[in-house]
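Quick notes on the structure that follows.
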Amino acid sequence: MDASQVIFILSAALIIASAVMVVSTRNLIQAALWLIATLFGVAILYAVLDAGFLAVVQVVVYIGAIAIMFIFAVMLTSKDMRDKGPQVNASWPGAALLGLLTFGGIFVILSKWDGLGKLPGEIPGGADALLAKLGVALTSPELFVLPFEVASILLLAALIGSVYVAMNKK
Amino acid sequence: MIPLSWYLYLSAALFSIGLFGVLARRNAVAILLSVELMLNAVNINLVAFWRYGNTASMAGQVFAIIVFAVAAAEVAVGLSLIYSIYRRRNTVIADELDLMKW
Amino acid sequence: MSFWTDPIKVVYDGLMLLLTGWGLSGAAANVISSLLGILLLITGAMVLDIMLVWVERKVVARFQGRLGPNRVGPYGLFQPFPDIIKLIIKEDITPDGADKVVYNMAPIISLGSVIFLWAVVPLASTIYGVDLNVALLYLVAAGALGTLSIIMAGWSSNNKYALLGAFRQVAAMISFEIPMVVALLIPTILAGSLSLKVITEAQAGGRWFFWLSPLGAVLFLISAIAELGRSPFDLNEGESEIVSGYHIEYTGMKFGLFYAGELLHAFTFGGFLSVLFFGGWHGPWASQYPLLGVFYFVAKAMFGYWLIMWVKYTVPRIRIDHMLAFNWKFLTPVAFALLVVTAVVHSLLKNAGFWPYCFGLFFSNVLLGWITLEILRASTRRQRLAVEAPQPAAQH
Amino acid sequence: MQSPWLYIGLFLLVGIIIPIIPIAFSALVAPKKPNPIKQSTYECGIETVGDSWVQFKAQYYVFALIFLIFDVETVFLFPWALAINALPFFAVAEGVLFILILIAGLSFAWRKGMIEWV
C-alpha cells in the first residue's frame, strides 16, 4: 500500500460518508455543507488523477458558486429552517432498494470486465503540459471548438431562462 | 498505484447514494443536491477513464468541463423553478406539487 | 551553489542528508523536510500578520492626525502582543441556538483560506512554496473557501444581523469575483501561463505588466478591495446599520482569527498585485541574491497594502445598490472589453518586436480607459440634464 | 517534492491546524462562566423577536445566479488564455466570440432591469 492508495481511501471515505449525510440530514443548510465536503473529496481525487486543472475548477465552480447557490436557495424557500416533517417520502424503502440494486448491478457488470486492474500510464510530456493542450483542444476546429461555443450558448440560455423565471412577478 | 476498479466502484457507490436521494427526499432543493452527487459520480468516471486510457487525447477532461457547465446550468434553472413554484404554491415539497395529478 | 544563491535548495539538501542519515526512507525524509518548510513559511506569515496589526493601527492614526500606539516598546512596536494576550484570555461566548460545529469551523476556515494562498506566492526566484501550474485558479479557489466561511459564520450565529451582514458580504464578494477573475486572465495572456513563478519571470528587466496593462492593474486593485470587504465596500461591517456584520457574535480568539485573516488577506492581495503587475521579486541584484528578492517582494507588497489602506481610510462607504451597479454595469463590462482588447492586440503584435508590442498594448489600454471615461461622462450628463430639466407637472 | 499537489495537500493540512492552535489555547486559559443573558443573541440590547433565520431579499439570489453563470464561463476562458501563444488568430477569435456571447447575456439582464437593486 503506497501513499496514493492511502490518500484515495481517505478521500473515498470522506466522499461516501458525507454523501450519505447529504441524503439523510434533516437541516438542508447542513446538507449543503456536507455536499461541500463531498465535492472537496472529489477535488482531491482529481488531483490524484493528475487533473489539477479540474481539481481547482471543482473548488471554484462547485464550492464557490453552486454550493453558495444552494445555500441561498434554501434560505429563500423555507420560512422555517428547522423543518419538522419527515424528510423522506413514503416510498423511501423502494428508493433504497433501487439504489442498492443499481450499485449491485454495476458491481456485477464491472466484475465481469477485464480492464479493471488497469494501472495509469505515463502522461506524454508530463502533467504540467496538459493545461496548454487543454486550451488548444478547446479551440481547435478539429477537436472541441463546437462544444466550447455550444457551452457558451447553453450558459446564455440558462442565464436568461433562470433569471426570467426567478424574477417573473406574475 | 491505484487500479482503475477503485474509482469505478467509488463512482458507482456515489451514484447509487445520489439516486436514493433523488427518489427518497421530499424537499425539491434536496433532490437537486442529490442530482449533484450523481453528476459528480459521472465526472469521476470520465476523469478516471481519461487518466487510465489515452492521455494524449484531452477528450475526458473536456467532457468533464462540459459536465461542469451542464451542472451549473441545471442548478441555475432548477433552483429558479423551485423558487418560482415556492412563490406561487408556498411549498417546496415535491409530493405536494400535484397540480398535474387529477 | 552556495547558500546565498539558492538558500532553500541548500537547506533542503542538508536536511535530506541528515534525515536519510538517520535511517529514514527518501520519501519520508522528503515529506518531513517539506513539512518543516511549510511550518516555517506559515509561521513567517503569521508573525508578519501580527506586525500588520501595528502597521494598520499606526497608518490609520497618521491618516487621522493621531499618534497611534506608542507606549509598548519603541514606537509602540510591541502593541500587538498585549492585544493577543487580551484576546486569548477573554471568555469565549457561543450564543444560544447556534450551530456549534459550523460556528467554530467558520473562523478557522476564514484564516485558513488566507494562509492557503501563501503556498503559491513566489517570494524570490528560488524561494517559494510550490510552483503550481494552476496557481491563479488556486487563488480564486481559496477565495471561494473564504466566501464559504463567511456564509457559515453568518448562518450559524443564529443572529439576524449576522445573517444580513453575511449575505451583503457574500453578494459583494461573488459579484466582484467576476472582474477579478477577468483581471487575472490578463497576466495569463501576457505571460502565457497560470503559474505565478512564470508570470514573475516574464516580467524580468522592468517589463512589468503594469506598463503593458495599467487598466488591468487598476481593475484588479478595485476588485481586490471589494473582495477583501474593505471600505468603500465594507457593507458587511456597516457599524451604524447592522452592528458588525457576520462576526457580530464572535468573541475572543475566534474574533481575533477573523481580524487576523482580514489583515493578512489585505497584505497578501498587495503581494499578488506586486506579483501580477509590478514584477514581484524583481529588482537590482535580486536574481543573484534571492534574499534581496524577498525584500523587494515584501516592499512591493507593503506598497500594495498601503494603497488598499489609503483607499480604506479616505473613501466613505457606498450604498449596496450603488456597489452592485458599479460592479455589474461598469467594472464587469470594462473588464471583458479589456480582456478582448488584450487578447486581440497580444496575438496580433506578439511577433512585431518588443517596442511595437509594448506600445500597442499600453496605448490600447489608454484608449479603452479614455473611451470608458467618455461614455461615463456622457451618461452622467444625460442623468444630470434629466434631473435639472424643468418639470411641467410640478407647476400649479 | 515530486508532485506539487502533495505539497499543496500538506500545506492545506498545516494551514487548517495552525488556526486551531490559538483557539484551543484560548479554550484552556479563558474563563468559562456562561449565563442565559450572556448567551442570548446580541441585537443592540433589544429582545429578539421571532426566528433569527429570516427570509431575505430575492435580489441576492438573482445576483448569485448571474455570478454562477459568469463564473463557469470564465473557467472556460482560462485554458484559452493560457494557450493563446500557441493558437492561430482564428482560435483567438473564437475566444472573443465566446466572450461576446457572455456579454450578450449580461446586456439582456441589464435591459430587463434584472441587475437593479429593487
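Order of writing sets the labels: A, B, C and D. Residues in every chain begin at 1.
In the analysis below, a contact is a pair of C-beta atoms (placed from the backbone, for glycine too) under 8 Å apart; a residue touches a chain by one contact, two chains touch by 3 or more.
From a predicted model like this one, the values you see are computed outputs, not experimental measurements.
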C-D versus A-D: which interface comes out with more C-beta contact pairs? C-D
Distance-maximising chain from subunit C - centres being C-alpha averages: B
Between subunit A and subunit D, what distance separates the C-alpha centroids? Give it in angstrom. 17
If you average the CA atoms of subunit B and of subunit C, how many Å lie between those two points? 33
Could you please state the distance in Å, as a whole number, between where the Cα atoms of subunit B are centred and where those of subunit D are centred? 21
Where subunit B touches two or more other chains at once, by residue number: 65, 68-69, 72-73, 75-76, 79-80, 83
Residues of subunit A that touch two or more other chains: which are they? 3, 48, 52-53, 57, 60-61, 64-66, 68-69, 73, 75-76, 131, 133-134, 138, 151, 155, 158-159, 162-163, 166
Subunit C residues touching 2+ other chains are 132-133, 137-138, 155, 170, 174, 177, 194
Could you list each pair of chains that touch one another? A-B, A-C, A-D, B-D, C-D
Residue positions on subunit A within touch of subunit C in the complex are 3, 29-30, 33, 36, 52-53, 56-57, 59-60, 63-65, 67-68, 71, 75, 128, 131
Show which residues of subunit A lie in contact with subunit D when the two form their complex. 3, 7, 44, 47-48, 52-53, 55, 57, 60-61, 64-66, 68-69, 72-73, 75-76, 79-81, 127, 131-136, 138-141, 145, 148-149, 151-153, 155-156, 158-160, 162-164, 166-167
Would you mind writing out the residues of subunit B in touch with subunit D in their complex? 65, 68-69, 72-73, 75-76, 79-80, 83
Enumerate the contact residues on subunit C facing subunit A in the complex. 27, 99, 102, 132-134, 137-138, 140-141, 143-145, 147-148, 151-152, 155, 170, 174, 177, 194
Hey, which residues of subunit C end up touching subunit D in the complex? 30-31, 34-35, 38-39, 42, 46, 87-97, 104, 107-109, 111-112, 115-116, 118-119, 129-133, 136-138, 155, 158-161, 163-164, 167, 170-171, 174-175, 177-178, 181-182, 185, 188-189, 192-194, 243, 248-249, 252-254, 256-257, 320-321, 324-325, 328-329, 332-333, 336, 339-340, 343-344, 346-348, 350
